[in-house]
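After the structure tokens below, expect a handful of questions from me.
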Amino acid sequence: MTMVDITGKPEIFREATATGTIKLKAETIRLIKEGKAAKGDPIYTAKIAGVLAAKKTSTLIPFCHPLPLTSVKVEVEVSDDSTVHVTSTVRTKAQTGVEMEALVAAAVSLLTIWDMVKQYEKDAEGQYPSAFIQNIRVVKKVKENIRKENSSERKHEKT
Amino acid sequence: MTMVDITGKPEIFREATATGTIKLKAETIRLIKEGKAAKGDPIYTAKIAGVLAAKKTSTLIPFCHPLPLTSVKVEVEVSDDSTVHVTSTVRTKAQTGVEMEALVAAAVSLLTIWDMVKQYEKDAEGQYPSAFIQNIRVVKKVKENIRKENSSERKHEKT
Amino acid sequence: MTMVDITGKPEIFREATATGTIKLKAETIRLIKEGKAAKGDPIYTAKIAGVLAAKKTSTLIPFCHPLPLTSVKVEVEVSDDSTVHVTSTVRTKAQTGVEMEALVAAAVSLLTIWDMVKQYEKDAEGQYPSAFIQNIRVVKKVKENIRKENSSERKHEKT
Amino acid sequence: MTMVDITGKPEIFREATATGTIKLKAETIRLIKEGKAAKGDPIYTAKIAGVLAAKKTSTLIPFCHPLPLTSVKVEVEVSDDSTVHVTSTVRTKAQTGVEMEALVAAAVSLLTIWDMVKQYEKDAEGQYPSAFIQNIRVVKKVKENIRKENSSERKHEKT
Amino acid sequence: MTMVDITGKPEIFREATATGTIKLKAETIRLIKEGKAAKGDPIYTAKIAGVLAAKKTSTLIPFCHPLPLTSVKVEVEVSDDSTVHVTSTVRTKAQTGVEMEALVAAAVSLLTIWDMVKQYEKDAEGQYPSAFIQNIRVVKKVKENIRKENSSERKHEKT
Amino acid sequence: MTMVDITGKPEIFREATATGTIKLKAETIRLIKEGKAAKGDPIYTAKIAGVLAAKKTSTLIPFCHPLPLTSVKVEVEVSDDSTVHVTSTVRTKAQTGVEMEALVAAAVSLLTIWDMVKQYEKDAEGQYPSAFIQNIRVVKKVKENIRKENSSERKHEKT
């Protein structure tokens, strides 16, 4: 049982993109779109919660390494009348990848949407038959050597 | 935009159960079952990560209230040759429910499994075509008045 | 040196309101009002950061007690062409007050606004001659006995 | 594997006291006593670090419950020319005890002393042959029913 | 809404200095100077709280990058009979600046002083008419190329 | 009082190993070895808690620098019929050493074992006469120049 030893690995450019969705009732989606969710804007709140969560990854996932994230972007959008879709992209220059950071950002964004609208998802028994989070996955991972240190131009080569 | 004011609500017994699954390659599931995942036991690690995460809910989800959790239980099991299933149950005596705590525990457990086995899920391009988290939901929520304070017997009434 | 012993004090209703302002250039204020700050909406981000910070008070201020906050509300508004004004109100039922929680929420909200717009406040030398945070204070503190436990009606008496 | 379910237990007065020592070189102890440690005062810093750590216990120790600590007191003193002694006492009114909080406070205080003086403990090889932490234990635990709620007078009965 | 992408920026030397003040009653200032504040030494406690807070900046301010701080210094002094003045200086070698870290350190130091002496600032109504935090600002920011890596001598050029 | 300024120091390979023991009753040790501790496996839980704690060192120990840990390994084993022994080894490439990270990992692992078995260590009075943590120390520290950047081969020279 161990945090993998990455001491000898080079620091290279790393990027990962994760996505996921939350299914909600049509009425809830309508409230989100019209900006009428009583607790505040679920989309904006979810973006911020996702960015903050990415930075906490190594304290949430026991064997993740602490990494100096250089970019975290979380996009949240209503994709149809029962779905909110989240995409998170994380970048770093480090000795290991940022898949988990992207996944944590996506998951916490989706959970935040749940929290922001859960009052509308309750049925008469106080249960949540309709809401569920679906299909959290890593859709793209990039790693590459950085040719010219201190340059913003880089050629991307998948590995 | 606000954390809902629960100041005037009574402290009553609260319980919530959340579930979710992660889909993995058959070969990965076999390694988990045989205790051969190189980073350590995914199941045990996921349980601990889930319990710890439940306690961090109010720092992850912006408008969740800090609650004095009195029980967090996370069960993780291989349910078939492509699936690991997580069930988390959280209890408290508080002024609001623990749905989010149960969901956060389930989500972080599932993400931890991902991290523990991600090396086996990579394809030749370094991508993760098979692994995804599915169907995170609240399957049961209980709230009830506590009849006899300081007693461990309680009648459960759904509300 | 000690965290004050509040073991013997009764749990009563507590509320505190703190305010503060940040002074910015007229041009920066205009960008905020028009929703054109490139990093995102400073006002919404500041509200969320303030609520989250209130919940972290006892880990930031060494001798603050951990308290079960029942309400945190942060209001942020442009009050004139050089000023953003923050008001935070925190409630709990506890053995000590929530002044520090309200102050921490206000301070972190103001610091977040700074971060969201600092690119517009830099002068030619990369310095920040115009931006400063002003007048963080507790404007109201309430504590009162709770007459009828589990009731949302309470008579407020200042003490 | 589980956080023990304390939902049905009564909230009663709890107290625990832990102690521990760190052994250091006589020269290091002299620097502490004379207030000449270059990084700052080890004793004062250790007290503060201990109090803060007590409040983080449930995030450090996986199955500890989050508890509303009502008092944390950490005493640090040079007890002889090779020893610094730490005593921490924690109180709460809760459904489970605060032994772990007292132990965590003592341990982190001792570790902080180490950090504050480690430069004086290095030998010619950069190793630390003399410094070690010794004898961290719980020396007293109290639990009792609270006879008169909201009263600061309580009869203590050991259990 | 995004954490700015700094992936392509060079790692250079960064420094920022922030200042701020807290205004208190003359009687409170006297207690601080005479070392008679009952909760402990406000100045020493404020310094430690400020240093710890600087390291938490990226978890408090949503879009701040996590940075490997190489120096955090917080100075706290009574500057006249109604004022405590805080100066914090933070350094790193990183892709973005440490203004926010310096500001967070200063703000949390000032809030900690408030907490340490708030009992002396209450009036007969339990309100705080005299205490307020004033003029938190960035007074200096430095960034420069590091000419000779691994050297402690560097030429500072403002940018 | 200050976090030491390491800005000008080179980033080199760093490693530290710390050890410590917890003394328990023979009956408790037997339960651990037979996997019968009711709260879960103390050894596995202690390893995970130790790894997580190493990553929190700079938020627990006031003047520790945040470091990009590249390896954390915690070994926990029953060494005789009254003793559990913990060894933690931490690595980084940084401007300062990781002694404190190794010590924090060892200490929190030992405290976690305590928590997992404390129910078996209580005597008839509810006290803990037998359990204590002993001999936490740094047994090895390594620092060395990294000859070939991005190479996993390194010659180790003690300094």
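A few notes on this one:
Letters A, B, C, D, E and F mark the chains in the order given here, with residues in each chain numbered from 1 onward.
We take it that a contact is a pair of C-beta atoms (placed from the backbone, for glycine too) under 8 Å apart; a residue touches a chain by one contact, two chains touch by 3 or more.
All values derive from a computational prediction rather than experimental measurement.
Touching subunit B and subunit F at once are the following chains: A, D.
Path length between subunit A and subunit D in the touching-chain graph (shortest route): 2.
Considering the contact criterion stated above, the chains in touch with subunit B and with subunit E alike are A, C, D, F.
For the interfaces B-D and D-E, the C-beta contact count is higher for B-D. Subunit D and subunit F, compared by their mean Cα positions, are separated by 18 Å. Per-chain Cα centroids separate subunit C from subunit D by 31 Å. In subunit A, the residues touching two or more other chains are 1-2, 4, 40-41, 44-45, 47-49, 52, 56, 62-63, 66, 68. Contacts between chains, counted with the stated touch criterion, involve the pairs A-B, A-C, A-E, A-F, B-C, B-D, B-F, C-D, C-E, D-E, D-F, E-F. By the touch rule above, subunit B contacts subunit A in their complex via residues 1-2, 4, 20, 39-41, 45, 48-49, 52-53, 56, 60-64, 99-100, 103-104, 107-108, 110-112, 114-116, 118, 125-128, 131-138, 140-141, 143, 158-159. Those residues of subunit C that touch subunit B in the shared complex are 13, 44, 47-48, 51-52, 55-56, 66, 68-74, 91-93, 149-154. Subunit C makes touch with subunit D in their complex at residues 1-10, 58-59, 62-63, 65-68, 94-95. Within the complex formed with subunit F, the residues of subunit B that make contact are 40-41, 44-45, 47-49, 52.
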